[in-house]
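There are structures below to look over.
In what comes next, chain A is part of two complexes: it sits with chain B in the first one and with chain C in the second one.
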Partner chain A sequence: MSKSVTKSSFRPETGKKDRVRWLFVMPAMLVVLCLLIYPLFSTSYYSFTDKTLISQSADFIGLENYINILSDPDFIRAFTTTLKWTFFSLIGQILVGFTGALALNKIKMAVPRTIYRICMIIPWAFPSIAIALVWDWMLNGIQGFIPALLVQLGLTDNMVQFLSDPNLVLPTLICINIWFGAPMIMVNVYASLQTVPQDQYEAAKIDGANALQSFAYITIPHIKVVVGLLVVLRTIWVFNNFDIIFMTTAGGPSGVSRTMPVYIYELGWTSRMVGRASAASILLLLFLVIISVLYFIVIARWEKEGK
Partner chain B sequence: MKKQKLLQTLLASTIVISLLAGCGGAPSSSSDGSSEAAGGELEGDITFWHSFTQGARMDAIQEAADKFMEANPGVTISIETFSWGDFNTRWNAGITTGDLPDMSTAQGTGEVIEMENAGVIRPVDDMIDNIGRDRFSQNALADMTADDATYGVPYYSHAQVMWYRTDLLENAGLEVPQTWDEFYDAAVALTENGTYGAAFSCSPNDLLSARYLNFYVVGAGGSLLNDDLTANITSQEAIDGINFWLDVYENCSPEETINYTVNDHATLFYQGTTAFDFNSGFMISGVESNTPEIADDISCAALPRVNADDPIYSAEVSHIPLVVWENSEHPEICEAFIEFLYEDENYIDFIHSVPVGMLPSLSDIAENEDYLNNETIQQFGEELDVIQTAVENGHAIGFEHGASVQASYLTSQGVIEEMFQDIITNGTDVETAAQNAEDELNEIFETMIN
Partner chain C sequence: MKKIKFGNVISHFYLIILSICAVFPLAWLLITAFKNSSDMLNNPTRFLPTEWTLENFNTVLFGLKFTINIRNSLIIAVSTTLIAIIISSLAAYGIVRFFPKLGDMMTKVLVTTYMFPSIMLVIPYAMVMRMINLTNTRIGLVLVYLSFSVPYAVWMLVGFFKTVPIGIEEAGRIDGANKIQVFVRIVLPLVSPGIVSTAIYVFINAWNEYLYSMILMSSSDKTTISVAVKTLQAADIMDWGALMAACAIVVIPSIVFFCLIQNKLSGGLSEGAVK
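Moving on to the complex of A and B:
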């Protein structure tokens, strides 16, 4: 009885509180509506039309854009290239970032640790467009510093064509992306390593655990959720990365480094087929949503295990 | 407690109202849209987009705008500059967003026809008549004419010719090539010790392969378009041209140029890396600013021919126009300003900002003493004559069949560049790659042209 009285006496109060909360939340919701929902819906809408960049109207054409895109060999190739670009960039960034973080964690002196940390973060502090231009200049196959250095050191007979040899282009771009993205992983993993209780290592040492066992059974369980979230974020960012590739090779030569964002850009801005570009964007979005959901299922399981 | 809730509610309401007000489209100031004040003076604001991002040209335009605004206090001209590459993207997007200027330049005659096809620019015949129709090249006006109306006022012109290093040819005991075979032999002979005979570039983000292929095809008497305006990349002239440029790439060009755009490519000649190049008179200012010590060792000649006894020809002429946009609320101001730009003093000042690079589109100015009284024009007088002859005898790529959007798409889609990259990178057979490119272009024509 007293329970129901209490409940009813608080109902109007809760309603008012809710209204105030909604008023506070509304600006953020409006921003989300404007910046996320509208582009999403307009892209979805255009993907079912024959909209071009210079046409002022568009007709509904059903699934034609999707059929065209899925039967376009360039789409399949760009998608495959994007998977390679993302997978190898991610693996490289995690390995380098993780190693850098573990090394940083071992440095006990404050000054060297700060210097090392600043040095490691430098690549990530640069705008990616500046990075692309600098690497493009250093790897230039005519006068580039790195190919010229390799010749001078006697390691190669001719200037290596890092950005025009079809066999070297993608690995070269992946290396640039690893160099660019690893610091972000390093900083986050390092921050996570700071939270691992030191007494657990000491206890493990007393119990006779070696360094590898401590790493596998203490370090990894503590930081895997953070690493998992980083992997989700980096997967989406790397998958959608446009500027490094576009500014260095523009997807060439002959499409060997053309990833999905470059493919969509070409469809939309060069070929001006906004409808097809929208369909490709929706397909890309669906793929990333599926991947993200899978990641989050795994992370949720890890979190559950951690509790 | 009540006061606190009231405060919370007021604060939240203020945020929401502010945001809604910010999103609203209420005008911040009144605009009557009229162009003329009571006294008949011009009044209003216009936006002028142009692609003259280089210092001297940009300054010349700004000075002219300042002078015009001084003479017409009721007028404000807002100038926005975009690189050539960004310009097309900007107006394409502007069609959807509504962010378009009152007047602008265009990249060439092809873009004017694209704009006309999209229905976003106005006819400018009245302006041309006011400036003097007879003063303009008839070829230039024809290239900007669609449905009996002219859509661009030619502002300056240039043409593609063959540039070469006189010192390198002299040291190697070579003559200036007259035919494509002689050009190839000379380019191969000059490829040594870090110098390349000629570069062949094929980035799909630019038009260089289409341009070079067009040189060869037009020289052989062909065209990259058929009479019915379908693509023609599989003619014997085109196949010979593809094979010719593949040989140049293989034997005289840096490998890296497979991904080079116009600027990367031209820089190779500016810096003395290549012995030959094909470009307009802009080559002079490029060399002077990059490697002034070789500026006295460059010269130009007409494009090589297939056979020595073939007539001299011109394969690519660009007339850079001024256009007035359909959405402009003040076409009168645009018209007055454009006519002001063509007044002798203003026009010569502008053309002198890149002498020999920009040739006057007005025939009488080309003979005007004030125009000719310029150090660079006098130093490169022979080169100017070569380019002037080419300007008078040629059209834009594909415009041999008259102005068409198809001609513009030949160079704006990167299809011919992709074809060359495909052959070079994947070893695709020339005939197959040419057929694929032709099919792709025809599909684009069908999809994109109203």
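Moving on to the complex of A and C:
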């Protein structure tokens, strides 16, 4: 290649014919297009057909799938279960993650700080299969550690059936999810706490502000955009999470812990009604879009305030 | 003289409790993996085994042929990582240098695709894979894994590429290197630490993945380790020792790698949002 490349063509804004730069972004765009955009349209299409897992072709049936789903009591139940699962998991994760980050921020000695940090992020590294199985084992109703310990301490008379008692299963799953998700909140909140300029605290101290006031007027405004974004991402993740529930209870006992993703899986792969499963997953996505838009309106308002 | 602050004592106390809660399941998993079945049955709350045994690992690795599934998982996770990193570093550099406006949209694009439920995506994946005969193949699964690794890797890498000063590149351009040469010889070495952490993160996610693998890989000799462990749970006789040994094999690489990159994990989000 000759030295035809001049400095001016290097600038991004020149608008000259510059094909090479497309080479850089093309493969990633192709991935997004084939693996994310196409499937979205494909699923939307299936949701209006009577497609099954085995059928080669499918007929257009209009809104029938949607009508069937919206009148299915199992769908309504799965939806409310998902709301409870997401809401309480998030509250718990934020509470534990946030207070953990604040406590960690107080520790000035480097060595204990690193030890705490590493210990506390371990749940985040857990593969979902290991989360499910280790908790299934610790909560096992015959020889599990936690029920056995409760009996030994005299707190309960019998082995508590955490994962098969209909009243306990959802709270138990939520606790597992808090255990898993709090570290991510903690690490990110801790990182953004570090970006708060220290001199503001000192100035506030001189002005006679107490710890609570500097927390409310310096810390919170400074980190709330990052925390807000984090909460959006966690909401989406928890809402869509399939693994933890599917692998511990598979939605049982008798559907008490069946969330939307598990419900959709059963429609598509147990009942083999792919069209109906598609419709349910589109509804799930729509709901998430609405929630996220609401979040982003709030975050955008915060960002404006900060400026 | 230093006085001990009350707040600090509470912080330490709280963090110690949190750390114990966080670590205990891992400890229990590992210890169970070395216990024999009579220990588990006779005294469920006894912490250390009366006698350490490797029998569980022996059962899992050789009796149940988990070595095949470990190999599958390794091949799939490593291929996913390599391909995703090549695609994503090209894209991240392209965004930072040539399409800065696209970079501003990045967070929105990421959040949007992040919203797509995997249970929704897996429906068309399963249909297309069957149409082009890629069901039950490693290639098929690697392709599918790019759907979640590429967007995230691009996002992480954009943060790292932003730190490369443009002056260095311009010097290279004056010396007659073209865009691709500049990228490979000058920019890549500068961001290699960032690339390594991103690669580790992609690897962990591919190694841990369950849903796609369960649906797309139907035969037990092709499937990944997560799915293989799950089938063990469904077996009639629950052998918890063997199950925990299998879990230990899955969880250990994740945790080791995770600790290596724990300092870098928060970078993307706070930098991306704060600018």
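Quick note on the criterion: the second predicted complex is superposed on the first by the 284 of 307 C-alpha atoms of A that agree within 3 Å, B and C clash if a C-alpha of one lies under 4 Å from a C-alpha of the other, contacts with A are read in each partner's own complex, and residues count from 1 in each chain.
Keep this in mind: a contact is a pair of C-beta atoms (placed from the backbone, for glycine too) under 8 Å apart; a residue touches a chain by one contact, two chains touch by 3 or more.
Quick caveat, the model's predicted, so the values are computed rather than measured.
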item: Partner chain in contact with A:Ser89 - chain B first, chain C second, else both or neither; value: neither
item: Contacts of A:Tyr190 with chain B and chain C, given as first, second, both or neither; value: second
item: First (chain B), second (chain C), both or neither touched by A:Phe145; value: second
item: First, second, both or neither for A:Phe24, with chain B first and chain C second; value: both
item: Partner chain(s) touched by A:Leu229 [first = chain B, second = chain C, both, neither]; value: second
item: Partner chain(s) touched by A:Ser164 [first = chain B, second = chain C, both, neither]; value: first
item: Which partner reaches more residues of chain A (counting touched residues only), chain B or chain C; value: C
item: Touching partner for A:Thr219 - first (chain B), second (chain C), both, neither; value: neither
item: First, second, both or neither for A:Arg272, with chain B first and chain C second; value: first
item: Doubly contacted chain A residues - partners chain C and chain B; value: 20, 23-24, 27, 31, 140, 143, 269
item: List of chain C residues in touch with chain A within their complex; value: 7-8, 10-12, 14-16, 18-19, 21-23, 25-26, 28-29, 32, 40-41, 44-45, 86-88, 90-91, 93-95, 97-100, 102, 107, 109, 111, 113-121, 123-125, 127-128, 143-144, 146-147, 150-151, 154, 169-170, 173-174, 176, 178-180, 183, 204, 207-208, 210-211, 215, 226, 229-230, 233, 240, 243-244, 247, 250-251, 254-255, 257-259, 262, 265-267, 269-270, 273-274
item: In the complex, chain A residues that touch chain C; value: 1, 3, 5, 7, 10, 12, 18, 20-21, 23-25, 27-29, 31-32, 35-36, 38-40, 42-43, 46, 96, 99-100, 103-104, 106-107, 112, 115-130, 133-138, 140, 143-145, 148-149, 152, 179, 183, 187-188, 190-192, 195, 211, 225-226, 229-230, 232-233, 236-237, 239-240, 242-243, 246-247, 260-261, 264-265, 268-269, 274, 277-278, 281-282, 284-285, 288-289, 292
item: Complex contact set, residues of chain A against chain B; value: 16, 19-20, 23-24, 26-27, 30-31, 34, 52-56, 140-143, 161, 163-166, 249-256, 266, 269-273
item: Residues on chain B engaged by chain A in the complex (per definition of touch); value: 5, 8-9, 12-13, 15-16, 19-20, 23, 89, 92-93, 95-96, 114, 117-119, 202-205, 254-259, 268, 273, 412-414, 418, 421-422, 424-426, 444, 447-448, 450
